[in-house]
Amino acid sequence: MKDRLNREIIAMRVAKELQDGDVVNLGIGIPSLCSQFIPEGKTVIYHSESGVLNYGPMAEEGFEDQDLINASGQFLAPVDGMSFFSSSDAFAMIRGGHIDVTVLGALQVSKSGDLANWMIPSRGIGNVGGAMDLAVGAKKVIVAMEHNDKNGSSKIVNECSFPLTSKSCVSLIVTDIAVIQVVKSGLQLLECAPGWTKEDVQNETEVELIFEKGIKEFTL
Amino acid sequence: MKDRLNREIIAMRVAKELQDGDVVNLGIGIPSLCSQFIPEGKTVIYHSESGVLNYGPMAEEGFEDQDLINASGQFLAPVDGMSFFSSSDAFAMIRGGHIDVTVLGALQVSKSGDLANWMIPSRGIGNVGGAMDLAVGAKKVIVAMEHNDKNGSSKIVNECSFPLTSKSCVSLIVTDIAVIQVVKSGLQLLECAPGWTKEDVQNETEVELIFEKGIKEFTL
Amino acid sequence: MNKVFNSFDEAVSDIPDNSTLMIDGFAGPGGTSQNLIAALRNLGSKNLTIISNTAGLASVIGFGTLPGQTPVDIGVLVENNQVKKVIASFPVSPSPSRPTAFEKAYAKHEVELELVPQGTLAERIRAGGAGIPAFFTPTGVDTRVSEGKEIREFNGKKYVLETALKADFALIRAYQSDRLGNLVYKGTSKNFNSVMVTAATISIVEVDKIVETGAIESALIDTPLLYVDRIVEIKENNER
Amino acid sequence: MNKVFNSFDEAVSDIPDNSTLMIDGFAGPGGTSQNLIAALRNLGSKNLTIISNTAGLASVIGFGTLPGQTPVDIGVLVENNQVKKVIASFPVSPSPSRPTAFEKAYAKHEVELELVPQGTLAERIRAGGAGIPAFFTPTGVDTRVSEGKEIREFNGKKYVLETALKADFALIRAYQSDRLGNLVYKGTSKNFNSVMVTAATISIVEVDKIVETGAIESALIDTPLLYVDRIVEIKENNER
């Protein structure tokens, strides 16, 4: 079997998409790793549903403060120009279109960019959290995830079988084997992981991908 | 002609209605005078649509600050425990039922407690300001006004002919000749100004008033 | 006009069975009114409807919890069979091997759930406090959470009609209060707290410290006094 | 990511004809972006729709104005024939003998008016910034301002459906900004300013002082940086 990219490399590839001045909300899991990989010279502003804007590094050991957390429950370090606000304001920012990019994990992404990331039907219950608001409100939704689930099934599907988070919301999918863009006619393969051909990626993917010239190797 | 009470006495009578701990919004004109007449020992908290809670006296001459005003444009003095907020928050307080009493002026009040106080039709244009929100949102609406207009016509009418501010919102009317309560069956006379009989008050009033025993002289 | 209560027990003593409560906090112990929750557990009121972001998470997975601490959260009310229904956005544990007390009770059909997206939850609570009975939001359209609700288009985009949430009581943690009830929260402990405090008939607030009026600078006041009914100071010998 | 502009003229230079603008302030000069208004007057853009609490009041009746001052307000835009329509709650002078420029133009049918109750105006602007396209409010039911609008009952009480307001540009006065755009307002100059800054595609802010990031304590920040696009410092030799 070919090597798949690790979580850090996926996050590094996503980080390349973030522009100077972007306001970004990172979901839990792989998305939360992106903040480590912002190139010097770029200013990216992080937002969290816990009611904070412009946070930076995590708190050092011994300096954790239970009143300074992000939406993943990680302890944040105080930073100049950081601000705090209510949940209604935090989501006014999200729903009102003031977040440039959100990076979310996914259980399934469909051919038309539908996102399912909040509930595994077999569990019978799930956590919506802020995902539906982010999926519908952020100007750009990037999914960062493993390409296949634990059983090897494609998480990129023709139609989501899991309960939806939001329809037609995903712009870009970055996985451990490929970078795929959601376009009007479907899913277009942009980049393959080193050592992977477009046919290899297609073999792991339920949706028939669009190949145009210029498919590149993963670039960081 | 019998003597009518002056604006200060009307305001003094209204002030008697305010309870310890009440959050109160005072309209412009006679209502704005009420704050001078709160008995010692009672704490009344003032709210203004300009985005301030718990204001006190006006600023002394030479200490006026254009960033510290009430909704009448008066300069306020800074006070301990005063807070400032947005207009959306100021009206969330009003509409959400967090203001105990508002005292408003009126052009007309009807038999069923309808209030008209924002537009004289002949002018063709008017200012709504915060009056509609206050009339509909405050727990108790007290009208403080002169009983008759400049032409001597009753401002207490069977049906408002002026554009409405809000229907069935007024609880109590305090004028320069009487105190009248809005009850289910109509308008009940509670008090008359010194020297005025209930018949005198009725003569100045378009609405047929309800007289029950215990009509008192104006009490302060 | 005295809002200061001497004990948590006294401050919650009149919460009857069948009440609807808003309980604060994002998910961790920071910003969660742990002392009031414990007092409500001791009081034992039954058939409660709880509106909260989670249904008790920190106590099972240690979300936002400093090492060595064991936070009190809604889980203790669920375990004590006081809860009839939870309205929340994040009711279950992200770790299936460490389920919340709520999940276990839910599996046994002992408690009901209304699942609400987090932004819709916050906005419904704000609406409750702001006299707005209902509003349209894009969140949840074409998903399970909008099933059975009115959908309407504005400018070519679909929105769902959501209604306000109000409560009989709110249990709120803040950092400081002055004697009038003006509140300050610390950092990210402002999130649900500063909204819930506006939407309950009676808001009960536990604070690290009650200070004299004027000790909190006007520009620092997060919640104006009119939203606060009862204040209890957390005594030094209390660990939470 | 540089938000700092060197002049008011430069900061407003791309406001085209037919724009919708939110212009700040309650009614007096405090909290009114007088320098940006003057720059927009100099620029001369036509057919503007202005969303504001008043239509220019301080310049005629001295509302909230210190002795000897002559405030600049929306009146100068109306007088310069730049305004097509005003959406406001308090458009006319309370003193009929001193009418506003707007009233005179309105009497000559040169300008349109949409009259909105002040709380509905604030909430419609908040909704615009918060991604809420419409909401129900009790304000204005059974009055002229709800004519032709949907009325619906919730729990036996009638409410009117009101829609969000958004703008292409907002002109905002604040006290301080840091270099990232975090704002602080002074006292009662937070009212419409802190709401309008959220509801425009481009928010332009004039401030008494631009300070280094970190000079404004986190707990004092009123408007988080993401709502602010352009900042101009009011120079000392400028009187407004």
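Going in written order, the chains are labelled A, B, C and D, and every chain counts its residues from 1.
Here is the rule we use: a contact is a pair of C-beta atoms (placed from the backbone, for glycine too) under 8 Å apart; a residue touches a chain by one contact, two chains touch by 3 or more.
Keep in mind it's a predicted model, so treat the numbers as computed, not measured.
Participant: Where are there more C-beta contacts: A-D or A-C?
Facilitator: Of the two interfaces, A-D and A-C, more C-beta pairs touch across A-C.
Participant: Based only on mean CA positions, could you tell me how far chain C sits from chain D in angstrom?
Facilitator: Averaging C-alpha atoms per chain gives centres 34 Å apart.
Participant: Can you check how far apart chain A and chain C are, centre to centre, with Cα atoms defining each centre and the answer in Å?
Facilitator: So the centre of chain A lies 29 Å away from the centre of chain C.
Participant: CA centre of chain A versus CA centre of chain B: separation in Å?
Facilitator: 56
Participant: Would you pick out the residues of chain B that each touch at least 2 other chains?
Facilitator: Each of 84-85, 88, 91-92, 94-95, 137 in chain B touches at least two other chains.
Participant: List, in ascending order, every residue of chain C touching at least 2 other chains.
Facilitator: 123, 126, 130-132, 137-138, 187, 218-219
Participant: How is the touch graph of the chains shaped: line, ring, star, complete or other?
Facilitator: Contact pattern: none of line, ring, star or complete.
Participant: I'd like to see which chains touch which, written out pair by pair.
Facilitator: The list of touching pairs comes to A-C, A-D, B-C, B-D, C-D.
Participant: Flag every residue of chain C that touches chain B in the complex, lowest number first.
Facilitator: Within the complex, chain C touches chain B at residues 1, 126, 128-132, 178, 180, 182, 198, 213-214, 216, 218-219, 221, 224-227.
Participant: Show me the residue ranges of chain D that touch chain C in the complex, using the header's touch definition.
Facilitator: Residue list for chain D touching chain C: 123, 127, 130-138, 152, 154-155, 157, 159, 163, 184, 187, 218-220.
Participant: So in the complex, the part of chain B that touches chain C is made up of which residues?
Facilitator: These residues of chain B touch chain C: 20-21, 23, 43, 45, 47, 53-54, 78, 80-85, 88, 91-99, 137.
Participant: Of all residues in chain D, which touch chain B in the complex?
Facilitator: It comes out as residues 26-31, 53, 63-66, 89-92, 94, 96, 103, 106-107, 113, 115-123, 125-126, 137-145, 175, 185-195.
Participant: Chain C touches which residues of chain A in the complex?
Facilitator: On the chain A side, the touching residues are 28, 48-52, 64-71, 73, 75-76, 84-88, 90-92, 94-95, 123-133, 136-137, 163-167.
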